[in-house]
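Consider the two complexes below, in which subunit A is the common component and subunit B and subunit C are the respective partners.
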Partner chain A sequence: MKFFFSVIWAVIEKDLRVELRTRESLLVMLVFALLVLTLFSFAFGPGLGGGEAPIQAGILWVAFLFSSVIGMSRSMGIERESNGFSAMRLTPADPSALFFGKMISIFILIAVMEVVGFMALAVFYRAKVWENLGALALVAFAATIGISAVGTLFAAMTARTRIRDVLLPVVLFPLLVPVLIAAVKATVAALDGAGWADMGDWIKMLGAYDLIFIAASAVTFEYILEE
Partner chain B sequence: MGLYELIFLASFFVIAMIVWTREENVNRWLALAGVATLTFAVYADIFIATTARQGVAQRIFYVHVPSAWISFLAFFLVFIFSVRYLIWRNAADDIRAYSCAEVGMVFCTLVLITGPIWAHPVWGVWWTWDARLTTSLILWLIYVAYLMLRSYMTDQEQRARFSAVLGIIGFIDVPIVHMSVKWWRTLHPGPVIMRSGGMGELPAPMHIALWASLLAFTLVFIYFVRRRTALEVLHERLEAVRAEREG
Partner chain C sequence: MLANLEAVGVSRRFGWRWALREVNFSLERGSRVALLGANGSGKTTLLRILSGLLRPNKGEVLISGNPVSTRDRARIGLLGHDPLMYPSLTLRENLEFFARLFCLPEEVVAGRCERFAEVLGISERLNEPINTLSQGLRQRAALARAMLHEPEFFLLDEPFAGLDQVAAAGLESILRDFSGEGRFEDGAPRSFLLTEHDIPRALSLSDNVVVLSKGEVVLRAPSCETSVEMVSAALGEGG
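Entry: the complex of A and B
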């Protein structure tokens, strides 16, 4: 068991070190998320802002999904280019430990991007982020776990196909529909300061999704690593 | 779980067995039975009275509902054969999963085409974001992803493994998608065939027509899958011979 956790930590540490040295993924993710937030403002017109929680939440999560896909495919692209998958297979580590390592490091990337995204939402769209910080953090946490669990599995998969990154959103987005719906609905409730009664069911749904797909992805990850 | 759910579940496995069996004669009988029930179903579907409220548009129901049933059945079979493949690594299971996905995709497309044709005169709109419509659309998109993933991979063994994983995760996802969209909003007419406590509000002749259509579509589906599987086996043999010749 101790070995299991040390493998997880080793993978996370390696990924974070690579990120700190190159600063490749996070920068692109941040810029991309800000860009999507800005583009929506142009698409909907300059009058947007204040009291439109459904639109704000929708914009936010679409931006987060797009930006997450970039982060995931970059993270797995690094593994492909440096033959990381082969190296992982050579270690005596449990494939699910490798999965959790990659998943958590991807989760950290997405979470950092989301913090900046929420700040941008507060500034650009005058969303009530500060007032409802706790509830929003809970929603973002539950949704991001689901996104990074399924995303890690399929990013590892599509990184090894012929057209690589292009395929990832096509495979991933239909599977993430429940996360998007629940995250948007819960974010709307949180932005309105509605409390647990209105967002509880959606948080529970996100929790159920997270548990099911962490289990399913951790079990099937070994079939992706094989050669 | 009621009696109807049990019968449904049992029929899933019976169908899986028929798809799986190698017996050559099965195809001939399937084709014969398929044509016979299809003829009966078409006859019944055309000559049974429609409901006054919906008029002739109601008849599309006999194509729409069986197609929806087949598209979910096919995805269930993709799941079964994907699990089998990952356990026993038998290439035949991968080919079966692929055939089910391809044929299922055709029926899922039929659902998405016949649905709006019916909805336009009855609901007044081509499309609404109702739970069942949306679930069918997402199912269709997962099918597309499955088939695209396969078409962009060349290594046979790796393709089989990857698509099996997608087949399993996708199948687990569909009920969750349905639930989340249902909470999101819903408008579709409620279940009229089976309600808890027995048969729903459909008049008896319509029941016969619908069950005949369901049976006919199922037989035709199994026949298609079996022929598609045989074709894929031949195709792979051809590829092997070609690879051997080129050395």
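Entry: the complex of A and C
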């Protein structure tokens, strides 16, 4: 068990170190998310304020999803270019530990991007982010786990194909529809200051989605590492 | 009984083309085998199957008589055409990362990195990113990665490719030491399977030679009883 966690930590540390050196994923993710949020704020005008939580939440999560796909694609691109998956497959490391390592490092990148995204939402849309920070953090956490789990699996699966940049969003977005719906609904409830009664069911749905896809992805990741 | 790495009736197909057909092969502990063949004869495919990177369509790979498990991968080291390292990380960071995936104890990792880097003449480059190293130095870095966990079986796919004469001579002397005692911490000799296009070099480095042609074994003989002409003839017959 100690070896399992040591492998997870090794992969996270390696991925973050590569990201610090290359700055290939996070920077593009941040710029893209901010661009989408800014463009929509121009399109709707500054009047989009109180009472418009559904639109704010929709824009926010669509920006997060697109931005996450860019990050996941780049993260797997690094593995593809260095044949990292082949190198990992030559080791006795448990494939599910490798999956969790990749998933958590992608989760961290997306989470950093989301923090900046929420701040932009507060500034550009005058959304009540600071007042409902705890609830929004819970929604973002549950949704980001689902996005990272499914995204890691499918980004790894499509990484070796020639049309990976097109294929990943085409495969991934239909699978992420439940996350998008639940995240938007729960974010609306959080921004409106509603309690657990209104957002609880959506959070539970995200939790169930996370569990199912983490389990399925961890089990199938071994076959994706094969050439 | 000595441990051995075996391919039993291994076949592998890419599309409609069979890269390997019913190959039977055994690498015994402490032995040195040269695998020869023209381009496209199936040498690299066999090495990738033995290392666990590829699954055969038919047949199986056994280690000490049992199917190779995830844990058994620590007993095999592969040096392929690609260094299999992260270009933006330093050599030391790469070695430390793979050492952790091989479950090496923290206290031995630093020592192993230093020792193998010294053996391979790259200790001064330990803190340099892989993408700043020359082709020859990358090859040595890749060999350090393959040696790091001190596997019993080394699979070396054209290890001399891209090396200058001095580096090639250094690598030859390292490989001659593999089956001797004392190179590795446990003192036990290692075996290697080497693919090489230079027939005289392959014969001089190995105890046994296996020639592949069109995915089939066409010659299997002790190296001391095999001449360059015999290998060339076997390659010619197969082709």
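Note that the second predicted complex is superposed on the first by the 221 of 227 C-alpha atoms of A that agree within 3 Å, B and C clash if a C-alpha of one lies under 4 Å from a C-alpha of the other, contacts with A are read in each partner's own complex, and residues count from 1 in each chain.
Throughout what follows, contacts are C-beta pairs under 8 Å (C-beta built on N, C-alpha and C of every residue); 3 or more make two chains touch, one makes a residue touch a chain.
Predicted model only: the values in this text are computed from it and were never measured.
Of the two partner chains placed by the overlay, only subunit C lies in contact with A:Thr22; subunit B stays clear of it. Note on subunit A: of its two partners subunit C and subunit B, the one contacting more of its residues is B.
Looking at the shared chain after the overlay, A:Lys14 reaches subunit C, while subunit B stays out of its contact range. Within the superposed three-chain model, A:Ala120 lies out of touch with both subunit B and subunit C [touch as defined at top].
Legend: residue contacts after superposition of the two complexes on their common chain; A:Pro92 is shown touching subunit C, with no touch to subunit B. Of the two partner chains placed by the overlay, subunit B and subunit C both lie in contact with A:Glu226.
In the superposition on chain A, A:Phe3 makes contact with subunit C only, while subunit B stays out of contact range. Using the contact criterion defined above for the overlaid structures, shared-chain residue A:Ala189 touches neither subunit B nor subunit C, since it reaches no partner. In the superposition on chain A, contact of A:Ile78 is made with subunit C only, not with subunit B.
Touch criterion not met for A:Ile106: it reaches neither subunit B nor subunit C. Annotation: subunit A residues 226-227 touch subunit B in one complex and subunit C in the other. Put simply, subunit C touches subunit A in their complex at residues 48, 51-55, 70-74, 76-78, 80, 82, 84-89, 93, 97-98, 100-103, 129, 145. Chain contact summary for the complex, subunit B toward subunit A: residues 86, 138, 141-142, 144-145, 148-149, 152-154, 158, 161-162, 164-166, 168-170, 172-173, 176-177, 179-181, 183-184. Those residues of subunit A lying in contact with subunit C across their complex are 3, 6-7, 10, 13-14, 17-18, 21-22, 78, 81-84, 86-95, 226-227. If you check the complex, the residues on subunit A that touch subunit B are 150, 153-154, 157-158, 160-163, 167, 170-171, 173-175, 177-178, 181-182, 185, 201-202, 205, 208-209, 212-213, 216-217, 220, 223-224, 226-227.
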